[in-house]
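Which chain is which? They are A, B, C, D and E, in the order written, and residues in each are numbered from 1.
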Amino acid sequence: MDFATLAGLITGVSIITLAVASGSDFAIFINLPGFLIVIGGTTAAVLIKFPLKTCIESFIEGIKTAFVDRSERPMELVKIATRLADMVRKNGRLSLEDAHIKNQFFQKGTALIADGRGPDFIRKVMTMDMDQSIERHLVGERVFRAIGDSAPAFGMIGTLVGLVQMLANMDDPKSIGMGMAVALLTTLYGSLIANLIALPIAEKLQMRAYGEHTNKALIIESLINIEKGENPRVMEEILLTYLPSRERDAVTNGSAYAATEKHTKPAKTTR
Amino acid sequence: MDFATLAGLITGVSIITLAVASGSDFAIFINLPGFLIVIGGTTAAVLIKFPLKTCIESFIEGIKTAFVDRSERPMELVKIATRLADMVRKNGRLSLEDAHIKNQFFQKGTALIADGRGPDFIRKVMTMDMDQSIERHLVGERVFRAIGDSAPAFGMIGTLVGLVQMLANMDDPKSIGMGMAVALLTTLYGSLIANLIALPIAEKLQMRAYGEHTNKALIIESLINIEKGENPRVMEEILLTYLPSRERDAVTNGSAYAATEKHTKPAKTTR
Amino acid sequence: MDFATLAGLITGVSIITLAVASGSDFAIFINLPGFLIVIGGTTAAVLIKFPLKTCIESFIEGIKTAFVDRSERPMELVKIATRLADMVRKNGRLSLEDAHIKNQFFQKGTALIADGRGPDFIRKVMTMDMDQSIERHLVGERVFRAIGDSAPAFGMIGTLVGLVQMLANMDDPKSIGMGMAVALLTTLYGSLIANLIALPIAEKLQMRAYGEHTNKALIIESLINIEKGENPRVMEEILLTYLPSRERDAVTNGSAYAATEKHTKPAKTTR
Amino acid sequence: MDFATLAGLITGVSIITLAVASGSDFAIFINLPGFLIVIGGTTAAVLIKFPLKTCIESFIEGIKTAFVDRSERPMELVKIATRLADMVRKNGRLSLEDAHIKNQFFQKGTALIADGRGPDFIRKVMTMDMDQSIERHLVGERVFRAIGDSAPAFGMIGTLVGLVQMLANMDDPKSIGMGMAVALLTTLYGSLIANLIALPIAEKLQMRAYGEHTNKALIIESLINIEKGENPRVMEEILLTYLPSRERDAVTNGSAYAATEKHTKPAKTTR
Amino acid sequence: MDFATLAGLITGVSIITLAVASGSDFAIFINLPGFLIVIGGTTAAVLIKFPLKTCIESFIEGIKTAFVDRSERPMELVKIATRLADMVRKNGRLSLEDAHIKNQFFQKGTALIADGRGPDFIRKVMTMDMDQSIERHLVGERVFRAIGDSAPAFGMIGTLVGLVQMLANMDDPKSIGMGMAVALLTTLYGSLIANLIALPIAEKLQMRAYGEHTNKALIIESLINIEKGENPRVMEEILLTYLPSRERDAVTNGSAYAATEKHTKPAKTTR
């Protein structure tokens, strides 16, 4: 779970609700036709902008990605990589066939090494795979950004509709205030949808895509090094530069490779 | 047909219409001079921005592209490519002369292979061809984005004209409301044209251009591999990285190449 | 002549004029001090932004480029290129000295070939020449975009000035409407100058620069091929990829090279 | 300490406070519910946009970086580099093991040289390290820019809430003014948070990231030169181009290298 | 002197002043607290955004660069370059030691040639030097753009402050107009500072940086050619492509090299 997303949403909604309720009856903030204009118009615009399948898939995947943090910590990946490099140096590439890695992308790469594919092929195929999956995240981001662009626009359209109706029927001056209040509600809805939900989620998807890119680049770097039988310690040194310096410091005392060595019980080597 | 575009437009228009009709007489939302200012001004700006021929062609092509989805699924292209690679390995390049491929871009490329053109020439010519066609889509996008930029601007200009007229003749206070309502209509028209029609279509054209780019890049990759007589299974593996992972998974059980083999009945080879 | 620019301007001005005149006396839309603020302020900003010479030259050249379409159709250039390639293959490079080409850029390039300059020198000099001329178009674009940015800003400044004057002298309630109408006029002027004139012309200059770039890239490609005595038919095939596919189809039946052959009456060769 | 940040904040807050207090009772500018909407909404949006840990870390580090200027002056780095280069030329690479450099990044690089790692390895590892640390600064910048984007949006949302409440309860015309004043306060809060605090700090973080990039690029350049035993004077000449010309002029009379020589007391060499 | 900047400023200020004075007493446009909010807030934001030293230096240098045009015409540089190339061909590189060139950047480059530094070293050092000086201009641009961004924001903040004060004290309806007028003044100040002064100067600094880049790129190209003893006429041909075509045409009749020959009285050579 990514508690930040949930915490953010709950914080936002409760604060707005509280502020609204403290000043007046909550009921005056509910206006169904206005809500329909904003939701309907935004849905329409997004449906035109993206292929139907992309709309639905990206929306679901976007929500899922925003609330569930499935990304692995780079440190874990470095540990796996050093373990694998060790296996290759001791038992040869074929030993990788028995390696079971939870990370599908990493698993696929090791399978390619075990199959004896060369480094150029591995880099090419894995890089394209990475680009494609980043791309999918970014389409999700674009869908949410499209929602964030359209909602305020249709909020304003709803307000214009309300204003025109009010202005055209100004017989009763008493109703002016109420009519204008109702008209402004759609702008409020549109702005809330955009600024509290759609745009933040779009931003989170972009951050996730960036994080995934770093992780996958680290994995590809590992694969290339594992494939050519690089010294695990040298490889670790290179991979650690992918980590933010704080985590890296935690590592150098009690190196990931050293920690790994205990698990894989390597024979003594003259490194 | 791309139903999403149509569904989006119908959804949008009906919801706006409903919301408008539920609150007042629909007639008060119709104002011909205001509509003319928005449409006329936008047309004028677009005419100045683009050469006349580009305007008309891009507009028609844009509408067509937005409503009709002619793009092939990448999976189909992978199947064709593996079939062709198989033909070349069994019967040589000349056998490609008899290959009839619906996709014109792919057909042109195979013709070049059959003609014995080298890989460099093929890559160069096909890449330029791809860039040119992407470019054309993007010009279409720019035309619709220009409409989306100009319509709200002329909507505001119309509102300013209406406000000035109203303010200059404020003898009858009763007419103020009506005058202001009419003035606001042009802003409403401009905003609807931009946010419900022009900008979404521009976005869709951009998505289409991107999809076409992926497809054509896949085709060029195929052509290079076919030309050098690459093993169809290896080529398939590379091409599959162009597909989103979900479709790819559907493929690996029951590989496209395997599926293809049944059609082309290849002799047994020691792959 | 580029009729689209003229047609656009006339359409825009007449529609706005009509809409204005249909609703009220045209005179209320004329306000000289307001017009001076917008024009004067915009001129001032543009004068500060660009060197004086650039301002004037770019403005004149921009207007000229927007109204006069001097760009050649790429098809013509392909025809000239195939003719020249043929000349070189039959009579050697020196024969290019007699070639008279209306396009100055092409002429300069052929002169370089006739002078025996190598392909690297030609590519370098011609590419820099191209970049310089594109650059000049883009400076023109920037001048008009600066006008389009400043005009609405000074329109708003004018409105603020008008509002302050009106609000500070609200003795006579009757004059409020008129005062506000006059104040809004500058915003209207600024918005019209930007959206109907300056921004569309800026966009057109950008399109022109793009078109010129395509043409000159095509010419440089031709020159390199002509210089190395490439087979005219092969060169034509490469050059045709610079054309939009529609024009290209028109060519392949009745190839440009074939059409050219009649003019230059080449000896039979075993291509 | 970076006094500019502090001075700026104090200047800004006092001037606004003074201007406010000079015109009216300060109390009318305080509205807790409005303040909560802006702060709460912005916090919510930022929490959704970034992982919780990133939020907190970046916020703290951002504040720290904005107020404390820990970056070294490039001139110092050039001096250290020439001293190290001298050491290497006289006593060999191993002598670097005793070099104690305050700058951690520089220290790490010299350790790599002392370990006998080749220039390619050093450049790769140090460049990735640099990119990662720049990246971290830029994430901080994004957090503050997100605050600067959200605060005005939630300010407007608060104003809309206030306006709706006021318009729905317009029984007492006397309260209208006060209601509207309170409604506008949230827009004021949002705008102040964005323009006086969040956006300027975001900008400063970007400038810092840029400065750090220049420094680290200079260090990497030094390391490569030191590793290959480059003549200190030639290296200094290259490194000085990283400095703004003013500081450089101060150096050429009384060269940094010359100044350094006194400290390290080099043997006479025939440079 | 760059008269355009001065002319622009004078034009702008006088037209605004005239328009203001023609409609009302000039005094109503002066409001010191409002002016302080805009100036103070903007200063505060800029102080936070940039290091104190950068603020002051960039501001002064920006003003200087905007009003004084110290950039040399490219034609002059071409003339100097051909003269130097001639000297090198006749008397060898050492003769450059006596060459006195006003342009410091050019002078530094020729000194490097005279010192016998190779072309790679020269290109590297001079390019870094160029990038650094461009960078400095661009920091100046950023400072003025920051002013142009902040001034309207603090103008709006001042207006909000004024509106809140007015709305909270609406006892005397007569004062409403005056209060609102005063409130709007800060928006007017902010908009004028941004659109008439800060943004145009930022744009001019960017243009200057671009011009300086072209000049320095031309100089570096010259230096490389001079260093390798290139034929002056060939070099001139390359350098002329850096000039806009109009100036170039003026040159080809009466070549710069020819013109130069008279000055340097070269011995007859068989070019």
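Here, a residue touches a chain if its C-beta (ideal position, glycine included) is under 8 Å from a C-beta of that chain, and two chains touch if they have at least 3 such contacts.
Just so you know, these numbers come straight off a predicted model, no measurement behind them.
Asks: Minimal path length between subunit A and subunit E through chains that touch?
Replies: When the steps are counted carefully, the minimum from subunit A to subunit E is 2.
Asks: Determine the set of chains touching subunit C that also touch subunit D.
Replies: Chains in contact with subunit C as well as subunit D: E.
Asks: Please state, in steps, how far subunit D lies from subunit B along the shortest route of touching chains.
Replies: When the steps are counted carefully, the minimum from subunit B to subunit D is 2.
Asks: With chain centres taken as the means of their Cα atoms, state the distance from subunit B to subunit C in Å.
Replies: Here subunit B and subunit C have centroids separated by 26 Å.
Asks: How big is the gap, in whole Å, between where the Cα atoms of subunit B centre and where those of subunit E centre?
Replies: Comparing mean C-alpha positions, subunit E is 42 Å from subunit B.
Asks: Give the residues of subunit C touching no fewer than two other chains, as numbers and ranges.
Replies: In subunit C, no residue touches two or more other chains.
Asks: Using the touch rule from the top, order the ring's chains starting at subunit B and going via subunit C.
Replies: Following the touches around from subunit B to subunit C and onward: B, C, E, D, A.
Asks: In the complex formed with subunit E, which residues of subunit D make contact?
Replies: 2-5, 7-9, 11-13, 15-16, 18-20, 22-24, 28-29, 66, 69, 177-178, 180-181, 184-185, 187-188, 191-192, 194-197, 199-201, 203-204, 207, 237-238, 241-245
Asks: So in the complex, the part of subunit E that touches subunit D is made up of which residues?
Replies: 33-34, 36-37, 40-41, 43-52, 54-55, 124-125, 128-129, 132-133, 136, 146, 150, 153-154, 156-158, 160-165, 167-170
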